[in-house]
Structures are given as C-alpha cells and as structure tokens.
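The same subunit A turns up in both complexes below, where it pairs with subunit B and then with subunit C.
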Partner chain A sequence: MTPEAEGIVFTDVSKFYGEVLGVNKINLRIGPGITSLVGPNGSGKTTLMNLLTGLIRPTRGDIEVLGTRTDDPETFYRNVGYCTQFDTFPKGVTGFALICSLLRLHGFDRQGAGELAWKAIEQVHMTEAAHRRVAGYSKGMRQRIKLALAIAHHPTVLVLDEPLNGLDPMARAESIALFQKLAGEGRFVIVSSHILHEVDIISDSVVMMSNGYVVAEGDIQEVREEMSEHPIGILVRCDKPAVLASRAFSENHVVEVRIDDDGVGVLLRSRSADQLYTLVNRVVLAEGLTVEGVIPVDEDVHSVYSYLIGSNGTGRL
Partner chain B sequence: MSINGPQLIKWTKQIMVVAGFEIRKFRAGRKWFFPILLAAAPVCLVMLLLLFDPRPPNNSEITQIFAVMFQTFMLRLMVLFGCALVFANLYRGDMVTRTIHFYLLTPVRREVLVAGKYLAGLLITSILYGGSVGITNTLIHSANGSAVANAHFFGGPGMNELFSYVGIAVLGCVGYGSVFMVTGFLFKNPAIPAAFLLLWESANVFLPAALQKISVVHYLQSIVPVPIPLGPFAVITAPSSVFGSVSGLAVFTVAVLLVNGLMMRRAEIDYSSD
Partner chain C sequence: MAVHRRGYRQYDGPRTPERWRFWILARYAFGHVFRFRLLVIFYVLCFVPTLIASSAVYLSHHVDVLMSLFPNARPPQVDLVPVTAEFFLFLMTIQAVLSVFVTALVGPGLVSPDLTNNALPLYFSRPFSRVEYVLGKFSVLFVLLFLVTGAPMLLIYLLKSALAGSQWFIDNIHLAFAILIGSLVWVTLISLVALASSAWLRWRPAAAGMLFALLFFPTGFGRAANEIMRMGWGSLLNAIVVIGTVWNSLFFINDAEGYARAARALNPMGFRTLPIPAWTAWLMVVSVCAVSLLLINRKIRAYEVVR
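Coming up: the complex of A and B.
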C-alpha cells in the first residue's frame, strides 16, 4: 500500500490533560479530499488537529500520516502543513520573511524559498502586504498569511483549524475555492469549523465530534442514512402535490406528509430513504407528475449534527 | 540511524537558519535592553572611575583591580545574569509569545532546533559580554595614558591577558548558556534558577573539592591569567590545566545540551499554562 493510500490513521487515540479529557478512543481513517471536523467549542477538534500534527502527543494510541509518525519530524513535516488557531507571530518579522525563513528550514535555498513564499502569498492574495510587519496586519490578513505558511511547501496533508475565521466574504470564497483546488489535486485537506453551512459547501466527508468523542464520520448522506431512528425528509416540488400526498399516506413507512402553503411543494418524511425515493418515482411515473425538484431537507451537516448531539438548530454550534 | 555528509550539511544549514532567525527576533523584540544594560555596566563604571579619580593606581594595581572586578562582578553577575536573560528566553520566550509551534511544525530535528537556538544565544552573549570585558580591560589600562597602555599591551602581558579574559567570558557564556537553556524548559521565571546558580557559584570556593567541579566558575577560575585571593575560608583545590578546564567545560556543555535535546524531543505545546 502506498503512503498516500494509507492516508491518515488514528488507532485508539486518547489524550488527557491531567484529569481532563481531550479526546478519547479515536479510531479514524481519513482519505484524500476535504474532510471537515465538526463540533462545538470544546468538542476536541483542535486537540485532534494538534495530535495529528504532532504539536501534542497522545496519552494512548497511535497516529500515522501517510505512513510516517511525528517522531520523525524530518519526514513528517515535509508532508504536513498546519494553519493553527494561534493568532501570534514572532516579533518584528514581515509576512514574506516569516514564510521564507521557515521554508529555508525545509532545505530550500534563499532564492527557492523566496519563490515558493511569493507563490503562496499570491495564492492567498496578500502580495501588497507581504513586506509589511505581521504585527500591523488585520485579523483577516494574519489568517491569510498563516494559510500561506501552511501551503507554501506544497504539503500533501493540509490541516486547517477554523481557517475562515476573521475573513471577509470575498476572502472566504477565495479560501474555499483554494481548499477545493488543493483537494482536487488529491491532497488531504482537513478543516475544522463550527459554521455548518460552510462545512456543507466544502466537505467531501465529515467527522462529527462531541465531548472528545467521534460520534459519526463519513460522507454526510451515508451518515444520515444510518440514522434510522430519525425519519428522512424530502421536499418534492411538482404540479400535483395533493396526488403525491394522498399516495404517500397509504404507505406504512411514511410518517409525515405536509403540503406547502404555496401549493406546489409537498414534504414527505419516511423511516426508509430507499422506500421513500421508490415511492416518489412510482407516483411520478404512474400519475404523470411534472417535477420541478426533489430536495433533501435534513441531509445537511446541521441536521445530522442536531439529531446526533441535540444542537439548538441555530446553524452555529 | 547513520549520519552522513549531506545530512550534516543540511543540519548545519538549518542550525544557521534558526540562529539567524533567533538573532533577528532578539533585535526586533524588547528583550535586548537588560542584557545590553548588563554589558554596558562595567564599561560605564570604569569610565566614571577614569573621569573622577585624579590619581589612578599604577599598572600592576590596575591589573589586580581588574582581576577582582572580572571574577566577582563580570563573571558571576554580568555573564551569569546576562546568559540567564538571553538563553532562558530562547525557549520560554517562544512559549510565552505562543510562537514555538512555528518551529515545531518544520521538518527539523528537535536537537537541531536546540543547537540553532543555543548558537544564537552564544553569539549574542559572546559579542555582548566578551566585548564588554575587552572594552573594560582596555579602558582601565588606559588610566595612566597611552604610553603606559601601549607598553602593557604590546610590550608586556596585556594582550595575552586581554584575550584570556575575553576567552574566559566567552567560555562562561558557553557553560552558563547551556544551563540556562535547560532551565528555560523547566522554569517559567528565569530569575529563580539564576539566583540559585549565583548562590552555588558564589559559594563554590567554600565547597568540598568534589562539589566544586560541578560548576562553571570552577573551570573558569582555574584559567584566569591573574588569580585573586579567595579568603581564609576557601577550600583550595588544585587548579585544572587550560586543556582540562576547556575540555571539562565542553563535556559539561555537550551533556547539558543533549539533555536539552531530549527535552525538546518530548516538548508539546502548552500555551495555556504560560
């Protein structure tokens, strides 16, 4: 198996800070693409990221990243870039000088480090402020220079702790596009966020955390489908919602049917996703319905997380 | 693990980069004020003496005065406390400013990081305190005019003494620096280990011979060009040779730095406690 195929593997990892639990019994395999760590503050997202990047050590268990471990920093950190949540920088340095100096520790010569640093700075749209001292940067600029630092050496694994914090809407969109581009190149992009609609937009898979435990992981729809105790819901917008509603009522697996006020949408909830979609297909074909759209109403990260953890439904954990 | 030429070259380059970055941080931060103040203190003191003393002592008295000044004030206070301020901050300062993770996320062996930081500290303190010792020695021997000073430095033992004192000050930085690198890991406040070390080093001459060897000043005292009286209660031990002193100090420093490297290997970020 190639190191890339091995991916990122947590085996029975626990971290305790004295008596306080950081994360417990984490067994996880993360593949390429964008994986989001989701959970409220204190759920263990940052601890998991710090463990993954070797800034802290597990009390128990083992972590391997592309077949390497943190006790071999010379190999490990060539593959890993980490945009931390720490908003502090060494005194007196410019954004460009900071990235350049740290790239030289990767073994690049002065010119090579300068070129790579500049390229990374261009990717985060910070060229104008690159030669200014970091101390004078705004929160958003500091966030972007941290991102540039994390990506400058072209790591295969990119770990981003709340990377969109402090960014304006334009910068957020640019950053999301950059994450998607990097993931499209086959890299492992691990993002933590407690803003669920962003996670929904960017994630290929999610790891949901609560109180130091992983409560669910995988593709968000797969996770949702496994939650059989919560009926799955879809909104069907069609020309004959009443017909669809009446047919749905006769099915045992359907637990809720509601026609929208606008008269063109019908909300169906069922204990079985497969049976529900089969039913809709059957009715559409049999009755000749014209369907505008079929929209899952609770297959987003927020709904899944709410079902799992009991969030208050604000969209922000 | 086998060590080969390219690896050594890579580590050397990394040590230089870390040292360069640390020196830049030292210059840019506010941390330089007290170390420079300490370095300037003996120079200012001698300048004041020269300005206000109308009858300077003769050259051999000056040599003796400087020897006392060097061993009591310069070695035990200036170099010791200067090293405490500079070296203890190399790690602890990064923890306090929450910036150590920048280093820990680079593909650099932790021992190389320690070596780079140590080299930066050594360069800073050697320039400051070696320079201070050199300037003070030159100034104090200029008290009786340039002709006497020329005769002392170019026709007498002056130049030898000057280089010896500067060398001993640098060796002091080598030894104390390694100790304070470790205490920077262990203590949040460098004043506590510095005070303890000051006590230990000051009481050194009253300790049994075996214990005297567990100190930096013991090795340095053995090689000072002009010995000073140690008082009636001092436990007199056979002085080490220059080679014995330098190699003893080198072994001591390497051992302490190896311990430091091991501690750095196990280091985790723990910003919440700083």
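Coming up: the complex of A and C.
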C-alpha cells in the first residue's frame, strides 16, 4: 500500500491535559480530498489538529500520517503543512521574510526558499503586500499569509484550523477555490470550521466532534443514512403535489407530509429512505407526475449536526 | 467520495543538513539584534578594555616605541605588564561585567517575543525541535558573549606568545585553558539564566531587570545569612564569589598561594564571607544551569497547557 493510500490514521488516540479531556479514543482514517472537522468550541477539533501535526503528543494511541510518525520529523513535516487558528508571527518580519525563514527550517537553501515563498504568496494573492510587515496586515491578510505558510513547502497533508475566519467574501471564495484545487490534486486538506454551510460546500467528508469524541465521520450522506432513528426528509417539486401527498399518507413508513405554500412542493418524511424513494418513483410513474426536482432537506452538515449534537439551528455552532 | 488523482509533485531536491538548522534561527536573530544602533555601539565599546590590554602587552615588548613617545623617561627595569593569571583574571572580570549588560540588552528579546506572539507553533510544526529552538537562541547569546569575553583574551594570550616566544606559550598553556573554560562556563551560565528569564517574563524590561535581580538579590540575602548565622555558606548565593571561585580554581590550578590571594580579593569589604570550596562553586554553577534548563523546558512548548 502506498503512503497516500494509507492516508491519515488515528488508532485509539486519547489526549488528556492533566485531568481535562482533550480527545478520547479516536479511531479515524482520513483520505485525500477535503475533510472538515466540525464541532462546537471545546469539542477537541484543535487538539485533534495539534495531534495530527505533532505539536502535542497523544497520551495514548498512535497517529500515522502517510505512513510516517512524528518521531521522524524530517519526513513527517515534509508531508504536513499547518495553518494555525491564532495569529502566530514573530515580531517585525515581513510576510515574504517570514515564509522564507520558515522554509529554510525545512532545509531549503536561500534561493529555493525564496522561489517557493513567492509562489505561495502568489497563490494566496498577497504579492503586493509581501514585503510589508505582518504586524501591519489586516486580519484577512494575516489569514492568507498563514495559508501561504502552510502550503509553501508543497505538503501532501494540509491542516487548516479555521482558515476562513476573518476573510471577506471575495477572499473566502478564493480560498475555497484554492482548497478545492489542492484537494483536486490529490492532497489531504483537513479544515476545521464553525460555518456549516461552507463545510457543506467544500467537504468531501466530515468528522463531527463533541466533548472530545468523534460522534460521526464520513461522507455526509452516508452519515445521514446511518441515523435511522431520525426520519429522512425530501422535498419533491412537481405539478400534482396533492396526489403525491395523498398516496404518501397511506404508507406506514411515512411520518410527515406537508404541501408547500406555493402549491408545487411537497415535503415527505419517512423512517425508511429506500421505501420513500421507491414510493416517489412508483407514484410518479403511475400518476404521470411532472417532477421538477427532488431535494433532500436534511442531508446537509447542519441537519446531521443538529441531530447528533443538538445545535440551535442557526447555522453557526 | 470524489476521485482524486495525484496531480502535484513534492520537492525532492537537496536539503541543508539537519544538524545545522538551529543556526538559521540564530542568523535571523543576529540580524534583528544588530538593527539597534545603541546596542552595536555598546558592543563595540566592550572591546575597548581588551584593546587597551593588548596594546599594553604589545608596548611592554616594544619599549623603544614607548621611549620614542616619552624621550626623557628612563627605560623600565621590569616587565611593564606582567601577563599572569592575575592579569587575565582582572581582564576576565571586566569583560564579564560588560557581558552582563550585553546579555541584559540582547537576552530578553530572544524568547519572550515569540511567546508573546504565540510564534512557537510556527517553528514546531516544521522539522525543528524544541532543543534546536533553544540551541538557536542560546547560540546567539553564546557567540556574542564569547566574542567579548573568551575570544579577545585568547587573542591576547596568542599575542603574548608571539612576542615572548614559544616557551612562554608552553609554560602558560594552563592560562589558555583557564580562559577558555572560564569564559565558556560564564557565558553558558549567564546565557541560560537570560533565556530562562526571557521565557518566563514576557515583558522585556522585566526580563532584563530579572537578570540583574538574580545576580544581586541573592548576594544580599547570602551576606545577611552569613552575618546572622555566622557561617560562610551564604556566599554560595553570591554570584561574584561563586564565579570568582570557579575562575580562581581554573587560573591558579597549580598555585595555592595565588588562589588564596585571589580568594581574599573576592571579599574586599571584609564581610563574613569565608572562601567557599571550589567544588561547591562548580556545583552551584551546574545547579543554576540545570534549573535554568528546566525552566526553559517548562515554557518552550508549542502549546502552553493551562490547568
């Protein structure tokens, strides 16, 4: 198995800060693409990221990143780039000098470090401010220079703690596009975020955390399907919603039927996703309905999160 | 899950050797330190005493030059500047005092800004360990301080050897060792104490003040203890007595009388400061270094765990 195929593996990992639980009994395998860590403050996201980047050692368990461990830092950190949640800059340096100096810690010579630093700065669209002091940067600029720091040495695994915080909508869109580009190249992009609709847009898979435990992981649809105790809901937009609604009422597995105010949408909730989709297919064929769309209403991160962890539904954790 | 084909190439070219990467940190720190003009001026002035001493050594071997300056004076009958253990000890003391000020100016700015700005995760999320970080910061002080203490005195030793001949070099080789070891011990001690205070006190003036406080407060406490309890062990808290005793043990390694004379010189005010055994002074130096390292180890972490 190639190191990339092995991915990132947490085996029974726990971290305690004295008597305080950081994370407990984490068993995870993270593959390439964008994986989002989701959870409220104090759920253990940053601890998990610090463990993954070797900044803290697990109290128990084992972490492998592409077949390497932190006890071989030279190889390990070639693969890993970390964008921390908080501003962490030495005093008085310019953006370019900062990236150059930290690249030199990776073993690049002066010229190589300069070239890589400039490429990274270009990728985050910071060329104009590159030679200004970081202390004078806006919040969004600091976020972008942190991102450049993380990607400058071309790591395979990118760990980005709240990378979209403080970015304006334009920079946010550019950053998301960059994450998607990096993930599309086969890298492992691990992002923590509080903003669920963004997680929904960018993630290939999610890891949901609560109180130091992983409560769900995987593709969001797969996670949703596992939650059989919560009825699954779909919104069917068609020309005869009343027909579909009446047929759905006669089925035992259907628990809720509601016709939208606009008269073209019907919300169906069922305990069985398979039976619900079969029902819709059957009715459409039998009654000759013209279907405009079938939209899952709770197969997004926010709904799953609400079911599992109990958010107030504001879209922000 | 989406299909991700590997579409990028990692850098696989040559890299700089791992064992010297701590020096990258030191180089950047040197650049930062020498941006302050006042510090540069003071640092240059630190070489004045050794420059005067080396000039005196040179002139003592070139009386003709001296006589041309003072044509009416009688030629001296004795060695004008005897280059002995006392000579180097005196010079070492002057340079050590100057090095304390250099440390106070440079030391606090090494670690505390990184801690204040939470910059340590930046370093430690790279192939760069805590040991390398401390080594990088330590080497800044070590190099700067050795250049004003051990290095010029070793040059004076070589100058004297060149003027007096190879026999003098051989006969006094123990002085060269005393200079080297004595200055290394001093520089290591004060550098570690400065790094520890810089790591624990994030406000730079406080860290500089702490350095002086650590040098002088225990001295007063030790003297009080000696007077009240009528003993001499309080001198172990006296930095001057401790480092002086260490230097004496190095410079007068074959000269018990010279050692006693130098030990008495450490107590010019006649306080109840009994000469402390050399081994206790060495033990004290090692203990202070060990405690400083422990304190540094507690603070230099990627993430500070607050319980």
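One rule holds in what follows: the second predicted complex is superposed on the first by the 317 of 317 C-alpha atoms of A that agree within 3 Å, B and C clash if a C-alpha of one lies under 4 Å from a C-alpha of the other, contacts with A are read in each partner's own complex, and residues count from 1 in each chain.
The rule is simple: a contact is a pair of C-beta atoms (placed from the backbone, for glycine too) under 8 Å apart; a residue touches a chain by one contact, two chains touch by 3 or more.
Please read these numbers as outputs of a predicted model, since none were measured by experiment.
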* Superposed on subunit A, are subunit B and subunit C clashing or fitting side by side? -> clash
* To do: Could you look at A:R104 and tell me whether it touches subunit B, subunit C, both or neither (first, second, both, neither)?
  => both
* Considering only the touch criterion stated at the top, classify A:T11 as touching first (subunit B), second (subunit C), both, or neither. => neither
* Does the superposition put A:S272 against subunit B (first), subunit C (second), both, or neither? -> neither
* Now for A:H154: first (subunit B), second (subunit C), both, or neither, which partner does it touch? -> second
* Asked: Does subunit B (first) or subunit C (second) touch A:R78, or do both, or does neither?
  -> both
* For A:R57, select first, second, both or neither according to whether it touches subunit B, subunit C, the two together, or no partner. => first
* Now for A:N211: first (subunit B), second (subunit C), both, or neither, which partner does it touch? -> neither
* Structure fact -> Across subunit A, the partner (subunit B or subunit C) reaching more residues is C
* To do: Using the superposition described at the top, list the residues of subunit A that contact subunit B and also contact subunit C.
  => 50, 53-56, 73-74, 76-78, 80, 82, 84, 86, 88-92, 101-102, 104-107, 149
* Asked: Which residues of subunit A touch subunit B in the complex?
  -> 50, 53-57, 71, 73-78, 80-82, 84, 86, 88-93, 98, 101-102, 104-107, 149
* Structure fact -> Residue positions on subunit B within touch of subunit A in the complex are 10, 13-14, 17-18, 20-21, 24-25, 27-29, 97-99, 101-110, 265-266, 268-269, 271
* Asked: What does subunit C use to touch subunit A in their complex?
  -> 1-2, 4-11, 13-18, 21, 24-25, 28, 32, 113-114, 116-129, 302-303, 305, 307
* Asked: Of all residues in subunit A, which touch subunit C in the complex?
  -> 4, 17-18, 20, 31-33, 50, 53-56, 73-74, 76-78, 80, 82, 84, 86-92, 101-102, 104-109, 112, 116, 149, 153-156, 183-187, 204-205, 219
